[in-house]
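Take a look at this one; I'll ask things after.
Which chain is which? They are A, B, C and D, in the order written, and residues in each are numbered from 1.
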């Protein structure tokens, strides 16, 4: 721990700039949020990818979205085995404590995690198949769905189809959580599956009647 | 899955606004990011809390930060047991695939997860002690540190001290990952511990020589 | 060449200070930039003037901006006559090789080059009118625009108006380069005209609808 | 010109942050610099490359360096042919108007312009050999020196040797300008050749007695 270096100067400067402008202009609201607690309307589960800024896309300011970000926006199935389940903990907190009204899963194009899963399922990524590969074991959540896209020959089409399946797999797993299923059933919570084509700026949503993703 | 409702209209409208403005003005850069891939300089591990927008604080635009968000910005210890470790997977991807240069853990004031951990450790939160409480079992990562702040009588001071300990605990666990330790040792990766007082807009960083958090 | 003197000691000392601090703290990122190559999002054309630091104004760190600086931030018209055109070469490299998304021309107040051009156009600077005056011949790029500000009687107002015209003249000349025009047309490149009032710290941008410079 | 887009929002925000902090803290000095004019001690000729920040390396603040940046930090020979010579104009202004005391040429490793020149000289870059290639014609300034490094077989060593030659070529051309030669002769101006190994953070200077670059 003695090797810690200072925060890069450009980040320090930008922080001071934020403090003197954005913070100064909104301090009253930030103080209320701190004093009265957050009351987000929605939880968003999206990817860690640096190119996906859900707050930007939806013009969301401080206090609006409770956001969990992990590799490939995956939700594991309900497993109350007393392990350290970070994603499940975030969902539990959002749904049972914060009582959010919407739960949005946001997938995206060119997802490195999903591509890795494809490579792994094809046998082209021995590193990801190792027991001690965290990325590989995390993508095991999605891997069982691979047969559904295996026949797609075009690599880009296959990747997009699998990215969309990652959203649907997460939504399926979400309803295995009793506290999610119960609130969806009672109408207190709605689930939404989205997929963003980053380069084109196109957002699509999963339409259950059509059983496909359609432009928002 | 037949219960899915459409995306709320206000979010649809904001998306279309983003598409016509922010996207349109930056489409060239977003297309390049999609085509050439991301190359973020830093990974940030922060809380899901809706009041913490790290990209805003640091004026970071698309492509700059790889961001993992979970309850209380916790990093579990290195456990290559083939389980679905979302946080470990995100760290592995950022460090070994993206080769980020900085790894920043950002804690914050009024953290609900940390407060829950305090309540649990004091025996005041039986729900969190249940085997099937995902939040409780996630906060088990931090719970062993509670004795270090147990004697602080003022609740606010105790919470802030424990929030800062959550940052330090994560940093300690980070170096138990061989690929993190190796790159820190070789100088290819630097670790940074930050804590944000949300209401006051004050950012503090952990200073190893002083062994305390100090204003940036 | 035998008259070369050592680098002044104060610069040597500052370099060693930078090496031990800024470099040491960011060595991993600098090594990656060296190994993987630059990928700047924008090119900036600004003046050589020692008072204009575009990286400071925009909190830009190593790797963000490709920067060409010349007297009065001028862009000559497209002239593929096989001469040594330094500005045209910089633009060609930024646009066709680096494929930057934004091209920013940054003018500023109290510009000595622009003032010289005014004096020259008024017949008050015989030195600048000489065939062998490099500054004079360089300012010939802007001189044809002088009639547009000739009637302004207040010298400061005239200078500011001409400084802003230098930005617009450069932008007009930029689109005479086929590779610029093509990428602007296709939406891959956007042009931005800025003018900085250095003393007041006020930044203005050219608004085409209003056809004037307005505060950012 | 009707296609102009607004300045990206992240740059607008960072500017406002700069205005409220760096500018606010230094407004008195910036106002003096605006009112009394600049008085830089040195001129620096460096590359446009986004990875080379000479102000950072030398801790230089507003007002210290008059900076010209072009592809590969080249100075063409003295050619008073009434053409638009941007580099020559910048040098003339710095030396005869601002009367700088030092003229520093700063080369660097991994220079794309120098590498392009190598490829062109080897016949591997037909695009750069075209009459209408601005980069190619600009690199013609350096090309005649290629035979001096042609025999170096290791590509990295060859590139570094040529990058250093680009600095020396510029210095040789500098003294072909009568106003430079005269002031160097009289001791009013000193020339300095530097080369930066960006990844390693190592700065070297040209030592005439040793006729080689040595660590600063």
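Following the convention adopted for this analysis, contacts are C-beta pairs under 8 Å (C-beta built on N, C-alpha and C of every residue); 3 or more make two chains touch, one makes a residue touch a chain.
Per UniProt, the chains are A, B, C, D = Carbonic anhydrase.
Everything quoted here is computed from the prediction, not taken from an experiment.
**Student:** Overlay chain A (Carbonic anhydrase) and chain C (Carbonic anhydrase) by their C-alpha atoms and let me know the rotation angle in degrees, rounded to the nearest 5.
**Tutor:** Between chain A (Carbonic anhydrase) and chain C (Carbonic anhydrase), the superposition angle is 120 degrees.
**Student:** Can we say the copies chain C (Carbonic anhydrase) and chain D (Carbonic anhydrase) touch using the same residue numbers, with more than half in common, or are the two sides different?
**Tutor:** Same-residue interface.
**Student:** List the centre-to-centre spacing of chain B (Carbonic anhydrase) and chain D (Carbonic anhydrase) in whole Å, with centres computed as mean CA coordinates.
**Tutor:** Once rounded, the distance between the two centres reads 42 Å.
**Student:** For chain A (Carbonic anhydrase) and chain B (Carbonic anhydrase), what's the span in angstrom between their mean Cα positions?
**Tutor:** For chain A (Carbonic anhydrase) versus chain B (Carbonic anhydrase), the centre distance works out to 14 Å.
**Student:** Going through chain D (Carbonic anhydrase) residue by residue, note those that touch at least 2 other chains and give them in order.
**Tutor:** 5-6, 8, 13-14, 16-19, 22, 24
**Student:** Name the graph shape formed by the protein chains and their touching pairs; answer line, ring, star, complete or other.
**Tutor:** Chain contacts: complete, every pair touches.
**Student:** Enumerate the contact residues on chain D (Carbonic anhydrase) facing chain C (Carbonic anhydrase) in the complex.
**Tutor:** It is residues 1-8, 11-12, 14-19, 22-24, 27, 30-31, 33-35, 37-38, 40, 42-43, 48-53, 55-60, 62-71, 74, 76, 80, 82-94, 97, 102, 104, 109-110, 112-113, 131-135, 137-141, 171-172, 175, 184-185, 190-194, 198-201, 203, 205-206, 208, 216 of chain D (Carbonic anhydrase) that touch chain C (Carbonic anhydrase).
**Student:** Which residues of chain D (Carbonic anhydrase) touch chain A (Carbonic anhydrase) once you look at their complex with the stated criterion?
**Tutor:** 13-14, 16-22, 24
**Student:** In their complex, what parts of chain A (Carbonic anhydrase) are in touch with chain C (Carbonic anhydrase)?
**Tutor:** 5-6, 8-10, 13-14, 17
**Student:** Can you list the residues on chain C (Carbonic anhydrase) that touch chain B (Carbonic anhydrase) in the complex?
**Tutor:** Of all residues in chain C (Carbonic anhydrase), those touching chain B (Carbonic anhydrase) are 25-29, 31-32, 36, 39, 41, 59, 99, 101-102, 187-190.
**Student:** In the complex of these two chains, what residues of chain C (Carbonic anhydrase) are touching chain A (Carbonic anhydrase)?
**Tutor:** Contact set of chain C (Carbonic anhydrase) toward chain A (Carbonic anhydrase): 22, 24-26, 29, 59-61.
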